[in-house]
Amino acid sequence: MLRFVVRRLVGMVFVLFAVSVLVFVIFNIAPTNPAQRIAGKNATPQLVASIEKEWDLDKPLPTQYVTMMKKIFTGELISYEGRENVNDRIVEGIPATVSLCIGAAVIWMFFGVLFGYLSAIRAGGWLDTSLTVLAVAGISMPVFWLAAIFLNYLCYKAGIFPSGGYVEITSNPLDWASHLIVPWVTLAILYAGFYSRVLRSNMLDAMNEDYVRTARAKGLSERRVMSRHVLRNSLIPIVTLFGLDFGALLGGAILIEAIFSLSGIGEYGYQALINSDLPPIMAITLFGAFFIVLFNTLVDIAYAYLDPRIRLGTEAP
Amino acid sequence: MSGESLLEVTDLVKHFPVKRGILIDREVDQVRAVDGVSFTVARGETLGLVGESGSGKSTACRAVLQLLKPTSGSVKFEGREIAGLGRRQMRPLRREMQMIFQDPYASLNPRKRVGQIVGDPLRRQKIASGSELRQRVQELLERVGLSSEHYNRYPHEFSGGQRQRIGIARALSLKPKLVICDEPVSALDVSIQAQIINLLDDLQDELGLAYLFVAHDIGVVRHISDRIAVMHDGKIVEQGSADQVCEQPKDDYTKKLLAAVPIPDPRESRERAASG
Amino acid sequence: MNGGAPLLSVSDLRVGFVTEAGRVQAVDGVSFELRPGEVLAIVGESGSGKSVTAQTIMGLTRSKNSRIEGSVKLDGEELTGADEAHLREVRGERIGMIFQDPMTSFNPVYKVGDQIVEAIRAHRDLSRAESHQRAIALLDSVGIPNAAQRVDAYPHEFSGGMRQRAMIAMALSLEPDVLIADEPTTALDVTVQAQILRLLEDLNRERGLATILITHDLGVVAEVADRVLVMYAGRVVEEGTLDEIFYDPQHPYTWGLMGSLTRLDRPRPHRLPQIAGSPPSLLELPQGCHFRPRCPHEFSKCPQNPELEARLPEVPGHCDRCWLTPEQKREKRQVEGQIGLEAPS
């Protein structure tokens, strides 16, 4: 186990390094001139030059890269646009993003597992068919379109929910929830549909396994056979999927946050992209990459815990 | 039946490393799958390799065919050393040495038609193509007891025994001198096993094939083999003519193996139980 | 060995399945009795219906695609129409079952001990601790060393033979009167098979455990069975005591099975007598005797469905489904001095 974790940590360092270099290179290939943008319109060449000096934009690229990396880790990174401290802004955005992700996750896991389970035990029947249609619809509807529809009808027209913005949970829990319900549901629909399909499929496979036959032959009740044997084994891939999806989501659900004006990391990233603002782009990308690698590792560890046949870090001959 | 050695295996070893280490893998142990085996197969003869699971017999076959690189030892085919040869060098030799596998359901590509499966070796070795290829494949199908009409069918349309025949046809397409049979009948129904064994016997008489016949069922091995080698834990513990090994076993493991085979005769079985 | 009323009584059992390809009659009128302490072997190949028969006894083949007719009586009590709740009580408690592949028959994510505990607590009101102790005792009783440690191991941590022993322990954890063993040794090495057979024999002898042993291996049958049922394409084609079947077989399929065996106790034949053709598809069965297409002795009466009857005057328990006369059978079954099936000319 130790071996496994150490290797993954080393791997993470390499991944983050590679990601950072890639982002840096891509940004610098694009034909933008940050100094120009910072200077704004009607900037004189002298102003641009002095800005370049101030921001180290006249130094060779590798040097710029190293400086930027240093600043990220010391918390001194300043964005081009608005000259804000990037790390501070990211920290400010965490509550909104985390609230969004966790809430959506709870909803999608609940409905995904419930619908998948019901579909599987009543496979072929009308319940299964209806739930399948729902699931496929959920998967097919584009998130941005769904968000726009909900925003328009539920928030503007019907006024049931506020149309965007984020409220701290500590200030007003009810308000916090009402601002997040529509984003939660929008985000969850896609995943719930997908997860219910996956669970259904896994359960149908598991029901044909020999050990399920043994369980019945022992005289176990059908409910026990379904929950302790079929469901338990079918949930393993779901858990791993969840880990990966959630990890990726933490990096910022850009679309949802932008549409609903939730001032989270995703929205910050969106703004940074529009403004070609490298420092926040770099920081947010690394932030996202970190969580993806972290959750990947956690998922592998969880898998070994859930399925005793897997032993981490050992090679079979 | 006898002749100069077609295949000569000397001190064949295949170890699989077990690696450990925090950051860098270090070999801490080895799985000694094949731990120094030596045997020969003469032209037109059948050597039976019998052993239980984990004895290393399947690994030995793959190491002989260079599907796995031997850790050490010598494998000579028609006097020429082939141990450690790379893929390119082995390619012309593949015509001479072929293999039949255990699982008739897994060893045929389900997406290919039978004609394609049997004809592929000929096509790849650029021996025939077009209508000549088709004709040769149909001849092969008939020779193994199938019909030339089966050319266009898919594997899933056939029973286990028929699929095994397809596998045999494929192995024979290149007119090999040696065919390694890795548990060719274990996955088949008993009544079909006899058919396949008889087919292999007939083909041997017709084509002068040599067989390395690997199985865990010593009764079947005894029936088809001229000589038998008994494998246990990666080593050959006894070797000799089929009758000798089965009737006058010298090694304890061989004796244990023979004693464990149930006799389909109630009286003898009762006697054996009473005395042993 | 036996005596008294039959423990299990199967009468004209028929099991049909609706599949995509059509309706399949997997079991076509099977009847037999199992007495206390008896070992009954059911011999057959793929498509014979032996496994479906066994699973139907336990009610495991019930589904909306299956149709079950006939009667299965355990101690006089009818099982085929019984409700699920009652069948659940029977399973494990009165009839235990073990399957062919112990690796896939155990749930890989739970410890072996926990799975045995689960079986026990489904039927008895014992605490976890008590059940756990019982599980250890059970593992010990089937010859698993270090039972107290092994009880907490996972299935993949056992060797094949030990896994099968654990499976047997689990099936017997509630002390059923009947054990159904479906190909229990097919997936095992021959030396391990010998041990498992010995275990089954001991259990039968010491506890008077009535056993239905399903297998395709006549060697296994000869070692363990008291009576034998030979099945082909959903029907019983021959039934009798062990000696009757082995020394006086009456059905050509039985001759074929015996002839195609390799035997270590006899000199090697030049050629293995084989049965021509393959086991039939249950979708396309011939009229009358199902074995006709593969039988070299087919004659004019065969399209008429032969009933399973005792056709030998002094042997009422030995039944078969073949129209040939006993004299013809005695003559035709000799091939090169041994019992076998001649190839069709």
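Before moving on, here are some points about what is shown:
In this document, chain identifiers A, B and C correspond to the written order of the chains, with residue numbering beginning at 1 in each.
In this section, a residue touches a chain if its C-beta (ideal position, glycine included) is under 8 Å from a C-beta of that chain, and two chains touch if they have at least 3 such contacts.
Note that the coordinates shown come from a computational prediction; the quantities given were computed from them, not determined experimentally.
Contact tally for B-C versus A-C: the pair with more C-beta pairs in contact is B-C. The greatest centre-to-centre gap from chain B, using C-alpha centroids, is found for A.
Remark: chain A and chain B have CA centroids separated by 52 Å (rounded to whole angstrom). Chain B and chain C have Cα centroids separated by 31 Å. Between the Cα centres of chain A and chain C there is a gap of 54 Å. On the side of chain C, the complex with chain B involves touching residues 45-46, 160, 189-191, 193-194, 197, 216-223, 242-243, 246-247, 256-265, 268-269, 271-276, 278-279.
Looking at the complex, you find that chain A touches chain C at residues 209-211, 213-222, 224, 228-229, 232-233, 236, 306-309.
Chain B makes touch with chain C in their complex at residues 52-53, 159-162, 189-195, 197-198, 201, 216-220, 222-223, 242-243, 246, 256-269, 273.
Chain C meets chain A in the complex at residues 55, 58, 60, 84, 88-93, 96-97, 99, 101, 104-109, 118-119, 122-123, 154, 156, 167, 170-171.
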